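Next up, some structures in structure tokens.
The two complexes that follow have chain A in common; it is paired with chain B in the first and with chain C in the second.
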Partner chain A sequence: MTEIIDQHQEGKRDVTFRVFRFNPQVDSKPYFDDYTISAERGITVLRSLNYIKEHVDATLSFRAFCQAGICGSCGMRVNGISKLACTSQVWDELDKCREPGIIRVEPLRSLPMIKDLIVDMDPLVDKMTRYSNWIDSTMPLADMGKKEFLISEEEFQQYDKATDCILCASCVSECSILRANKEYVSPAVLLKSYRMNVDSRDGIHDLRLAELVKDHGVWDCTHCYRCQESCVKSIPIMEAIHAIREDALESRGPRDTSGAKHAEAFMEDIEKKGKLVEATLPIRTNGVVWTLRNLLPMAMKMIVKRRTPPPPPLVKSAKGIKIFRAMFREMTEHVKQDHLKSHKK
Partner chain B sequence: MKRYAYYMSCINESMTKEVDRSIDFWQKDLGLEFVKLHEGTCCGGSNLDYVSPKHFALVNARNIALAEKMGLDLVVSCNTCLMTIRTAKKKLDETPALKKEVNDILKKEGLEYRGTSEVRHLLWVLVDDVGLDTIKAKVTVPLKNYRIAPFYGCHILRPSTVLGRDNPLAPSSLDQLIEALGGQTIPFEHKNRCCGFHTLLVAEEESLNVAAEALEEAINSKADFIVTPCPLCHTVLDGYQSKALKQAHIDSSIPVFHISEMVGLALGYTAKQLGIKRHIVC
Partner chain C sequence: MKPFDIVIVGGGGAGLYAAMEAMKTNPALNIAVLSKVYPNRSHTSAAQGGANAALANKAKDDSVEMHIFDTIKGSDYLADQDAVDVLCSEAPKIIRELENIGTPWSRMEDNTIAQRPFGGAGRPRCCYCADKTGHTILQTLYEQCLRKGVLFFNEYFALNLSVHGSRSRGLIAMNMKTGKVEAFPAKTVIFATGGYAKMYWNRSSNAAGNTGDGQAIAYRAGIPMKDMEFVQFHPTGLRKSGLLVTEGARGEGGYLINKDGERFMARYAKEKMELGPRDLVSRSIETEILEGRGFDSPAGKYIHLDLRHLGADLIKSRLPQIREMSLNFEGVDPIEEPIPIRPTAHYSMGGIDTDNFGRTVMDGVYAAGECACVSVHGANRLGGNSLLDILVFGRIAGHTAAEEAGKFEPGSISEEELRESVEEIRTRMQPSGHYERYGALREELGQTLALNVGIFRESSLLHKGIQDIAELKERFKKVRVFDSSDVFNTNLQQVLELKNMLDLAETVAVGALAREESRGSHTRIDFPVRDDEKWHKHTLATLVDGKAIPGEKPVTMGRYELQERTY
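Moving on, here comes the complex of A and B:
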């Protein structure tokens, strides 16, 4: 019995939580409060915050509900990384502290602050609305509530992982582009849009896609993979973003957005030379006027430093380009066959 | 001598020629031999995978198969090429039907993708294969007076399911290389953040904001220079630096080096030899 108590004691230590504080009604700027509590091995960051609120400082504000990684309410930054407080073990976090024994707790980024660790989720909800992130059912009204609307298992597999999203906004907080521009659609909204757009019961795919390809939409993602890396449900968010792009190119072609034209240029160049023709990439993406206006001063500097990409005729094709091209085109035939088969289905 | 197949990234043959040029100077000094894959083609630059997933698989199966034919691992010196080729490899290894379809086509060139060659970054080869002790022993001009900001970039770290060498939240390989060369790494919050390269032509303002944040931290930390293992990050942080800092209303500048140049400097080669004078910010 004594042995058990001793082991229990060893699994206990003083831990300091350095918590972000800000009440816009009284504070002119944010500050940090340190709370040192005796924490047991196995305790989570959320339980520690609950303890602090109940026993140390009742004014500390944060959002939480299920305490089991299901509701997504307690998204916050722990030691700089956006995650759920309820599934973050204090003992694991102690290994990641910049200052030994001090766990930093801050609100999510890129969403307006309300108080302390609470951020305003309304901008995210507004974006879900703007991109119509619901199923607009194709079932006739008369059948509603009377019939099941079934989908195949194969179809469900396509968005099974995407439905795991609990809207905790960790990906929103970690997104590089959203940090640079709050208008950006955001990864959580793209994931949800993908999930709706591949659902065969939905009737507004084209409308949603038309919105997604506009400015601040799917083409503004910079492929940094921070969203995917921070997802508390390990959802491959970038695969969903890529799938929307693939769908946009297939359904709409590269006609209307610079992002689509940019992506298509890679395909063209690889088929032609096996190499990217970088010199004309800006023109093919955005046209001559944009290129001259935006890149001319830099191009001049690059000419002086002799680091401009070579003009198209001087881009050497990869060795063995002829056979490569034949193989590339053979794959094009395979892809055409795949499309025919999927349309027949 | 350790031999590797060396993948020639498009950007290193056009805008950042100094990368391959500097590697050529010191590869033998470190007991390395990089056999250039002149038959290799563009990896698709993190775009082909959604434009046409099957072409993406074919192109990169071929890039790896060329290395496999020589019985060598494939070494890459661009983060995005690394991530892209490794993503294709993972897909091919996990999808036997795709592998078969691709191999049926590759037969025409007498190639077969088997999945036997690893795809690795130059940085990993330096730290893991050459080893920090060997590198230390070869240093003739230690970078001891320099405070260096390590900028890893995204695609050498994320997605970690594809990359897996460094902890994406606390990477250390570049820091270790800097220290082995005698330099001093500085704490750098932006070390694992994004440079904004992939949206430069699509959302320029956002990209430059992303780049400016990293540049600003390095400048405020009084770093002597930034070093990066990726020529795409270099292109933004060096080539677009003045534009990014102007947009962020910051009146300053900071040089940005490739890892290959940093190694070259520490091994006694001159800035002129290594092509450092070709940078926009010197």
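Moving on, here comes the complex of A and C:
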């Protein structure tokens, strides 16, 4: 049995944690502190931070609670990626360092800084409230607790993955839109909105959707997929965002925002001609008034430089449009099916 | 600040349910929920298994009566039988209510709420949502509280009750974001702060914050603690962190192996082997380690949970979570290596003494959930009854407080009282010559508890434990807070949490020494059998002049007579 014992003789490696520091009471701007410790195999980033706090620098501030990847408290950026410190292995992170042996630890982005690695979560809670991230039950009050809704396995599967979300805000931190626009609804709130909207027990689907299609809502997403890539629970967040958009187009039509209208016009062109009718795209997306006001100067310049797109009647259907249309229809069907599947485990 | 009708301390399942129910009972009331973490971070989220309710969706012949019997028997007959009646009778209603407001329960083929078998239950009555039941319940409750506009004070750390004569006038708490000590004058206060098993520190499966804050505050205010000696140990905690490896690992056929390569459970439970009852397996592992057949490491002694013979395919398909956990927290892949484990403290049966309505002995002070002891779990809690407890009694406490708030005059908290609380904090932050590190004390507390007030207890060990705790309390006076900032001073918070754990640890050890019998989770080597004649009663611990004074309380019977507890 000595073999097994030997396997547990733990190796140690020296690791430097380069940690973001900021105390609003004394610091005019953030800086980094280096802490070098000896880390054994199997130790997590959070345990290392705990060690530093207990033995090296008690002022180092971060949140941590369950330490088991379920409460979502310790979201932070490790080597530039937003994740949970408690489920990140130090030795794995050593392979991802930009500078050998130095692990960078920073707070989540796009949420107000409080101190060191602690950011303010209130904006996220406010958005959950604004977008009604709850079930408004259709069960009459008098019947509450007396009977169950009957829910099919198929319906449960639609929100099973989405209810894995622990609101760690890693997606919030990675979202490219939020970095430019703090008012943007944010991926986690979209995911939760999706989860509520597909729940048959809920009675405010239309109301929630009406809020989601407004400015800073679901149409602002640019499909960068950063939220999905960084999700610590591997939830297909982008699929949820697509689903809300499809739902919005289906139940509200393309009347809401330029984003929705743009997507609709885009699809229409592609299906009809296999290419874009660029000359009218801005009008169909933003309306005549907006186009005249915003694009007229550019249109003039384009005329001068002779770079105007061809007028609509001159845009001929692309070669092989019939085959393309069949493929297009098939793909549309596939997307629908894939979307259904991706929310099943 | 305008006085509140109800201040709820704690934003887990019990606290949130209390808030919802209080608002429903009387929408005109001014209610606040204080939580030291964002409510959705609360430890309720860690409960995986489920919540028991005799819905009879799975076993058509299940009944509330059977649930009551299982719970009483599981408690080793120490639970109050009228309280168990309430727990089990309310269960189907509360599970359906949660379903009605959005909890995504797993479903049966007929589209009703799914139920599965659980330890100690005669019928499959544990309602679940995959392996994330507590998480989804907590999310649902938090969502509903946001819907109803519950007033939250997130990241507030509760410090003291303001007590005047026989009643409370409200709560004093620190706003972590500003460091400011604030008064919450209130007619009623509900404690729902969770358990105290984290005092075993690295030998506990609990969240870092399960430090018994509510219990410690109530205890210091003179409210008695009940049955504090009963702490449940789970057999398979990870060596370094104490985090839980669920029973599924052994259910699928995992072996427990000592350092001689022996499947030692053959010596303790020849037939059931690794699948013996929780307390028996915990005691067996502990015996192996105590008798020198455990492995040694800097992180402490341990034994192996070996899954390798199950094969990579089975481990990947049936035990993916366990594999992920051992990779994340031990750096060990169970496909290639055995998992280092040892028993871990994970539930506190004891807590603030309350009646069946959540009332404590102090007017206007209530408690619910793991921080309270009604008692529905007695000497040993059944799996699936803890989530149920927080829901049922959280709701009851919320309802009672809402009904009774009108009885009490609005409280007011004086500037002087606030200043005292601030002063106490300030003294910890003063630099002094010789000082102690809170981290070391915290670890030593966990060690002495695990060793002397752990799975096996015995008079001399308990005396040693009590002495150690007294010394640690003495040394605590010299603990220094190094972080001098007001903003989010987690250093200060952890020191205050340690104080709470030290105060409560004494009650656990004193209760364990007093109880000269073995019952449920409490095993005395020197008193190995249950002694109904002398000890069929609750123990109490009340703080008088800085000392834990023992007391007792009869067990309410009325349904089932005492029987031997065999499975």
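To be clear about the criterion, the second predicted complex is superposed on the first by the 288 of 345 C-alpha atoms of A that agree within 3 Å, B and C clash if a C-alpha of one lies under 4 Å from a C-alpha of the other, contacts with A are read in each partner's own complex, and residues count from 1 in each chain.
Keep in mind that, in the parts below, contacts are C-beta pairs under 8 Å (C-beta built on N, C-alpha and C of every residue); 3 or more make two chains touch, one makes a residue touch a chain.
Just so we're clear, the structure is a prediction, and the values are computed from it rather than from any experiment.
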{"item": "Partner chain(s) touched by A:Gly259 [first = chain B, second = chain C, both, neither]", "value": "first"}
{"item": "Contacts of A:Arg245 with chain B and chain C, given as first, second, both or neither", "value": "first"}
{"item": "Partner chain in contact with A:Pro30 - chain B first, chain C second, else both or neither", "value": "neither"}
{"item": "Chain B versus chain C as contact partner of A:Lys115, first or second or both or neither", "value": "second"}
{"item": "Partner chain(s) touched by A:Gly320 [first = chain B, second = chain C, both, neither]", "value": "first"}
{"item": "First (chain B), second (chain C), both or neither touched by A:Thr285", "value": "first"}
{"item": "Chain B versus chain C as contact partner of A:Trp219, first or second or both or neither", "value": "first"}
{"item": "First, second, both or neither for A:Leu167, with chain B first and chain C second", "value": "second"}
{"item": "Residues on chain A lying within both footprints (that of chain B and that of chain C)", "value": "none"}
{"item": "Contact set on chain A toward chain C in their complex", "value": "1, 4-5, 7-8, 10, 23-26, 40-44, 47, 53-55, 57-59, 61-73, 86-87, 89, 91, 114-115, 118, 120-122, 125, 128-129, 132-137, 139, 143-153, 156, 159-160, 163-164, 166-167, 196, 199, 201-202"}
{"item": "Touch list for chain B against partner chain A, complex", "value": "10-11, 13-17, 38-42, 44-55, 58-59, 62, 101, 105-106, 108-109, 154-155, 158-160, 168-170, 193-194, 196-199, 201-207, 209-210, 213, 239-240, 243, 277-280"}
{"item": "Residues on chain C engaged by chain A in the complex (per definition of touch)", "value": "37-38, 40-43, 45-46, 93-94, 96-97, 99-102, 104-107, 109-113, 129-130, 132, 135-136, 139-140, 143-144, 146-147, 154, 177, 207-209, 240-241, 243-244, 259-261, 295, 297-298, 304, 325, 327-332, 337-338, 340, 437-440, 481-491"}
{"item": "Chain B-facing residues of chain A, complex", "value": "81, 96, 176-177, 179-181, 184, 216, 219-226, 228-229, 236, 238, 242-243, 245-246, 249, 258-259, 262-264, 266-267, 269-270, 274-276, 278-279, 281-282, 285-286, 294, 298, 301-302, 305-310, 315-316, 318-320, 323-324, 326-328, 330-332, 334-335, 338"}
